[in-house]
Amino acid sequence: MRRILMHVGPSVGSYEVLLKSVKEDVGFGSPEFVEAMRSALEGVRYVMGADNSFTPFIIPGSGTSAMEAVTTFLREGDRVLVASNGLFGDRWRSILERYPVKVDYIGSEPGRSISAKSIQEIAESKHYRMSFFTQVETSTGVRAPVPELVKEMKKVSEFVALDGVAAVGGEESCASKWGIDYYVTASQKAIGAPPGAGISTVSGRLMENIPERSVSGYSLDLSNWKRTMESFLDGKGSYFATPPVHVILSLDYALRLAREETMDKRVRRHIASRDQIVEGIEEMGFETVAEPGLRSSTVTGVLTGKISPGDLLAASLRRGVEFAPGVHPALAGRYFRIGHMGWITEKDAAIAVHVLRGALKEVS
Amino acid sequence: MRRILMHVGPSVGSYEVLLKSVKEDVGFGSPEFVEAMRSALEGVRYVMGADNSFTPFIIPGSGTSAMEAVTTFLREGDRVLVASNGLFGDRWRSILERYPVKVDYIGSEPGRSISAKSIQEIAESKHYRMSFFTQVETSTGVRAPVPELVKEMKKVSEFVALDGVAAVGGEESCASKWGIDYYVTASQKAIGAPPGAGISTVSGRLMENIPERSVSGYSLDLSNWKRTMESFLDGKGSYFATPPVHVILSLDYALRLAREETMDKRVRRHIASRDQIVEGIEEMGFETVAEPGLRSSTVTGVLTGKISPGDLLAASLRRGVEFAPGVHPALAGRYFRIGHMGWITEKDAAIAVHVLRGALKEVS
Amino acid sequence: MRRILMHVGPSVGSYEVLLKSVKEDVGFGSPEFVEAMRSALEGVRYVMGADNSFTPFIIPGSGTSAMEAVTTFLREGDRVLVASNGLFGDRWRSILERYPVKVDYIGSEPGRSISAKSIQEIAESKHYRMSFFTQVETSTGVRAPVPELVKEMKKVSEFVALDGVAAVGGEESCASKWGIDYYVTASQKAIGAPPGAGISTVSGRLMENIPERSVSGYSLDLSNWKRTMESFLDGKGSYFATPPVHVILSLDYALRLAREETMDKRVRRHIASRDQIVEGIEEMGFETVAEPGLRSSTVTGVLTGKISPGDLLAASLRRGVEFAPGVHPALAGRYFRIGHMGWITEKDAAIAVHVLRGALKEVS
Amino acid sequence: MRRILMHVGPSVGSYEVLLKSVKEDVGFGSPEFVEAMRSALEGVRYVMGADNSFTPFIIPGSGTSAMEAVTTFLREGDRVLVASNGLFGDRWRSILERYPVKVDYIGSEPGRSISAKSIQEIAESKHYRMSFFTQVETSTGVRAPVPELVKEMKKVSEFVALDGVAAVGGEESCASKWGIDYYVTASQKAIGAPPGAGISTVSGRLMENIPERSVSGYSLDLSNWKRTMESFLDGKGSYFATPPVHVILSLDYALRLAREETMDKRVRRHIASRDQIVEGIEEMGFETVAEPGLRSSTVTGVLTGKISPGDLLAASLRRGVEFAPGVHPALAGRYFRIGHMGWITEKDAAIAVHVLRGALKEVS
């Protein structure tokens, strides 16, 4: 029987999307791929709310690869600010500390978000090359108040980088309007394609500020990929390193579906599914990890009170639905997570609630 | 009509292999994936001729990512030797020069290989942390005389790294027997899976020499992936960054086919196809770029004399076969390349010769 | 977004099953097909509860083709009895009336079943070559009380034919135990494979009674297919007319899954889904067309009272679930049908109830 | 390694076409299917050269089912003429003899065709309701001289039926121009889709002559399917018996490709492949079964002189190509057959010749 994946890593899947990758004898220079890449790059701009002054990148790797490629824009000795809401916010720090830059860090309680005020406090009289934060913290399901944080960061840093890995495709995403300079995501989350591609858009202003000698390595140095992406956008093949051809065939199709659906409807679909799930778990007596105003539309962390989240997960899996365990150390053993992104519908939300209700009955 | 890809990047494809990646609702923690990863890691050891003292790695990215991950084992100030037979040999240098290590470099004429003697000359009284070279130089089709070069490198350097990207799966590959410490390949060449995964095996001796503070970045630092790979080898899920799940489902199947076929037969199959192609092009009055003794069994560079290689490629494409252009600057406009790896058979070789013969007639 | 098909024709689908049909260059004589056919024929026996004295047939066509092939066993002038619970019961009559046999017919009210008593009444002092009836009447969802009807039919006819098209794979099916001589089904209903194959098992006693000159045509004359089926059962290829090769590759896989699941568990799974759906629609104030004791586990006809079934269907389709309209003329405009067979799970049943509830709210 | 099927039953396959059938939750009433059926019916007219006065039919079953459905137009006692070039010509007789019609029969030597003269001779002073013959005799590869035979048949019979099973899609096909009344084919031969659908077009004049009481059975009675086909042509769903939904999704795609390619180019492609193969086998010292003027462009029977055709077939299969054995009893043990239809290209023809040459060397 079909198992349903409501994990937070890969999203609710789609055979239609996966089947687009089944093309033999298509290589990185074949016309089908060149067209898919061109169209996917434009799709990336669309789902990220990035106008044509932004350069889109699709590179081999994971969301983490796309995050690390920000080093393209950093010079030895640069001072940067990391504002973290949890494990994936901390990943910015882990990456940046491998490079010769100076990292300032602020964090928040699980379920809450760093605030404009906390940025004001740490930044006093300091100036940063770049500030880093996370749109949806996958470890808890908290969505940061992006516009007000960007506004504050812009006061204290030249550029702003946002990790939208668990957000883009399911949350409102407005690179241009918000003034994001480096906006990252991955193929396999709310965009709903298979994993294998790191995705970013870079503002025109940041592209003009690629340092002559950055701290970056070789394969994640976007200045190596720049010409390649420009060439694909122009409808011509180009090579720097072999792209994940078949993943991108699926990614292109997923992004076409997103354009067809429109991001407005897509965000509303994710919100409706989230609301249906939150209502369901509250009826069971559970609470969300995220404060009500900070609930993302893609991931819900569920505090299970006296019930063991591990038991609930196991009982749900026996019913054919795979949820994700909690990973935030501060809440160890107290919560689990429901991924509701990508091709999620109210039907899947109905399944999630139905299966959880059965699982709860079993383990209570 | 079906086009056939005899390019050197992606290999002759297989729908059977691609279809294995069509699995909805399989994530990086799902049992199917955990088993595929375990089995693929063992398959990597098999096709690389690496015994159980080697640690296999499959990471998101390209062959270049896997090459760059060698930085896991380098410390600031280390001296290294790059021995290059062409463009992809030069890539080792391009990567290493992004890091704070000292690079010595020797090159060769196109069609020939660096020799044991040339290593003796440059290495005189020097000692290297690691030496780097390339098994099959994709830009020309030259196969290096691996065993004798390793022997010489071992005299002058602690560790030896070999780029087997265009070789592993189609050429004899003996990590253990030859004494390779870092052996790299990618999913999409002679292994015959879709691109998206960087692959390596690391000798036990090198694994024990991971420096406390290496020069590597974050996502290509294999010390971050070590625990993950060990866990998968042990049949348990683990996470550092999201792997290209569906690519690995295909990769696992391709590696299972390789084990079933046995590497002995697989190498003989590649050699037979190469011989059939070489015989065909020689009958047309063409020559291989590689010296007779250095012809790889996976890529053949073809010098076309007075015939324009571009015209031949275009005429072949009209006949439904996509060969690869030449890329070595020293031979610009004088050759093209035939990829014959992965699922190549004598039937494909017959097509290559038939189509080229027709194309030649057309453009002569 | 994925639409879910809970129609009564094709069942809840499975990509896993469909993907098994994607095999290029497999013909009716290829080893993969010969093995699939052998295994599928055995699987047919298994899901029909037919022991080895029965001969299984898989022929190109639909369930109707398999029904019509019963003419293989009829001679000009034979007298037959059709006992019908609705539209698909009537189909037996429509078929038989095209042939030179004498047809007696009894029917029932929609929602109810022909009874043992009604057979006694019509059959008084008559003797039939064969009696025909229907296990699950697709037009209403009524399941006939098979064992007691067979018992009665055996008293008045030499052979008994049962249409199990909407039943086999989801209802208890016991060809041997019940004493069925000709048991029919199709690939696309509760077995859960794509349509294109007519399926039957024939008792040893009936096989021994193939008349020298039957009334049947050519391609539906099972005496033409007999040798072919015996050959496949024996693991050898054979040809009479081209079988639907790829449909059978999927069918074989679906039947393997059935054996793996076991028919016991499979029937219980269908019953659980039916119960969940019936409970749901009763909560909405609806009733089943079938009397409580005659509810099938594969199809539920739903009487919608004052609500228009057409409006409910349209509102459900907008929510992504396709139910089936009612087709029984006596209940025109008063009911619709839910198919819950094949790969149905409690998750799909939860969706059905959830979507119907939303649709009802919309149209009330 | 990929095996290539150059059998005469299923044709050279296409994964692209097969993958179109992978659609879950599409039933006979779903919009995708209704559109595919509409488009496929128009495609059938196109590949058969039938103008809009012809009614196209796509029914569940095989080519034989489509042949047998001609009984829709025959009345008890009708006199018919079968002109056969071999085994598949004889099939018309086998079918018709199951019905209460009077069958006259003429045959030809293997490799040759019935002639206009032989029809004149048998028909002397007789008049037939319908004449039947075969465009390409699959058992030998002989193509009948269709236009001149039709001309002669029209003199002695009201209607003319042509079996184009091994022809349509690869041979010139002109239902309107030639004046065919009943033109049959199947999905899996030169059209290049999977098997499972019987296909026909019926002239307006014949449609107007459906007898009130024909000799046909139920599921192959086209008067039952008429309304269904008309409804689909009109873009609306309709039901008589469940069609092979997924086979038709592939069939529609194959027919779209045919329209895109144009029948002119498609026929030329088949002829070029045939010529390449004939040239190849003649170089090996073999001859075609068919007289030079009667060689079909889809099937070639090869007389192997002193070489055992069975040995050649086995040696070819070991080289990965499956040819078809000979089946004409008059030539038993003296020939084999090469199917070159559907997606055949000069590349496949090159393989056929290459593999046969190797096989011949092995068995000589």
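Labels for the chains are A, B, C and D, by order of writing; each one numbers its residues from 1.
By our rule, contacts are C-beta pairs under 8 Å (C-beta built on N, C-alpha and C of every residue); 3 or more make two chains touch, one makes a residue touch a chain.
Predicted model only: the values in this text are computed from it and were never measured.
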Any chance you could name the chains that touch chain A and chain D both? B, C
Based on the averaged CA atom positions, which chain is farthest from chain B? C
Please report how many Å separate the Cα centroid of chain A from that of chain C, as a whole number. 47
Distance between the CA centroids of chain C and chain D (whole Å) is 32
Junction residues of chain A, two or more chains touched: 2, 4, 14-15, 19, 22, 24
Contact set on chain D toward chain A in their complex: 15, 19, 22, 24
Which residues of chain D touch chain B in the complex? 1-2, 4, 14-16, 269, 319-321, 343, 345-347, 350-351, 354-355, 358
Quick check: in the complex, which residue numbers of chain C touch chain D? 2-5, 7, 9-10, 12-15, 18-19, 21-30, 60-65, 68, 71, 94-95, 98-99, 186, 188, 194-196, 216-221, 239, 241-247, 322
